């Protein structure tokens, strides 16, 4: 399933090239991920309250067409892989007006204990969370 | 005494007006403050290690002349007031090439216990730190 | 009249003190300002298209109670002063859940020609825009 | 040849996980790239003055070990590929104290006319610049 997140470009996200600075798309991926997790019933703030963090292991982005201040975009997010230890997400940012692609990207994450920073296997230790991510991938 | 901090403008700090986004000067004030504290022998990371935080209570900035990518600036920092409970700092950002004023500003801070977030009186509880800030103001 | 703008705190807006970094409120003021201008029928992107920029002349912020990731806030914006040459705005950020004050602030701005950066008097040169700002202050 | 760029972590670059927010490394890559270009005699601000922009086409980052406020790091930058149309750079961020790897990454870029945003072939159109990049790769 594809999860959608709407976003309007902020003025402070542009740079003197006149368009969104390339580092900001990485932040939009995070915003979209946070909304994706809320959508599947696992708000990230709730996971942190439960002592689980989901740090970023890798991130990548391909820049296709720039957007600028006040442009409206949609971030489409999809689970590419999930096995309880690692989750991989794919993102596609498109213009809201004509659907043209702005950037594509991906990120991979592990699950860690917020206190020890040691990796967690959700399947073994939090089956309730495991099921929700699995369902998000399969739907 | 005036403490000096050198800085080159980063590309990502500019916005589509072609100049540094106004919010970034507030971050430069923080950078200058961190270097000021290092200069007086109280590195902020060391204070946090000792369980003391110095949150911002107020901040203000007056914008005079913009700078842009790759411009070199100097942030001049001065202690305007200090009594062990509150510290007030003044900042002046000038161009390194001609000394012309870019922005002026100020910030005020209290000292708090990092665990309880309760205010601390440095004079009573950390006379060693109190003396260093006092000296920085008087010099 | 008071203009309202809703906002959820992003993860990347927090710092290691565990709360929103103080510089980000200055960016929220900008976001609220952009929505205020859209609300009164003068979208800022439209003003730039018309060759008018509204740079920040001064900004100030008083920090009352911190918020953190995923907290929902409302930015209340009000025109404090407007005379066609200068506009002053007041901001109050409150928690959406209990209405408690997070920060208060203000910004002042002038109107400039986007090409020459020379000040503009909206009353003389753009009466249509002048009327809209005036109405926003008086309502 | 490997180009080195020193950097101290700013407070505002950390997030509530207690470490540098992952998006900021992308900005450090840019800072390192800017210094690399200065080192080879092609300051980026100078290139923009000459009407050439070098937008980012792809970026990627692998996160190994986090750093936090006041940590000193070195960004090692190397040209992986250059043919006058595209340049690919590799980055390795290491701790200054023990040389351990913080993140690794890469970015690819094209050269475009600042007015038309059309791709440029440096070999044909700016042999002087072409030679400098080529030398940086070969050394």
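The first chain written gets the first letter, and so on, giving A, B, C and D; residue counts start at 1 in each chain.
As a working rule, a contact is a pair of C-beta atoms (placed from the backbone, for glycine too) under 8 Å apart; a residue touches a chain by one contact, two chains touch by 3 or more.
Note that this is a predicted model, so its numbers are computed, not measured.
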*Pair exhibiting more inter-chain C-beta contacts, A-C or B-C*: B-C
*Using mean Cα positions as chain centres, tell me which chain lies farthest from chain B.*
A
*When the centre of a chain is set as the mean of its C-alpha atoms, what distance in Å lies between chain A and chain B?*
34
*Could you give the separation in Å between the centres of chain A and chain C, each centre being the mean of its C-alpha atoms?*
29
*Indicate the whole-number Å distance between the mean C-alpha point of chain B and the mean C-alpha point of chain C.*
24
*Got the chain C residues that touch at least 2 other chains?*
11-12, 17, 23, 27, 30, 69
*asked:* Please output the residues of chain B touching chain A within their complex, sorted ascending.
replied: 11-12, 14-19, 21, 23, 68-69
*asked:* Help me check something: in the complex, which residues belonging to chain B touch chain D?
replied: 10-12, 27, 30-31, 34, 43-45, 48, 69-70
*Can you list the residues on chain A that touch chain D in the complex?*
17, 22-24, 26-27, 30, 53, 55-63, 66
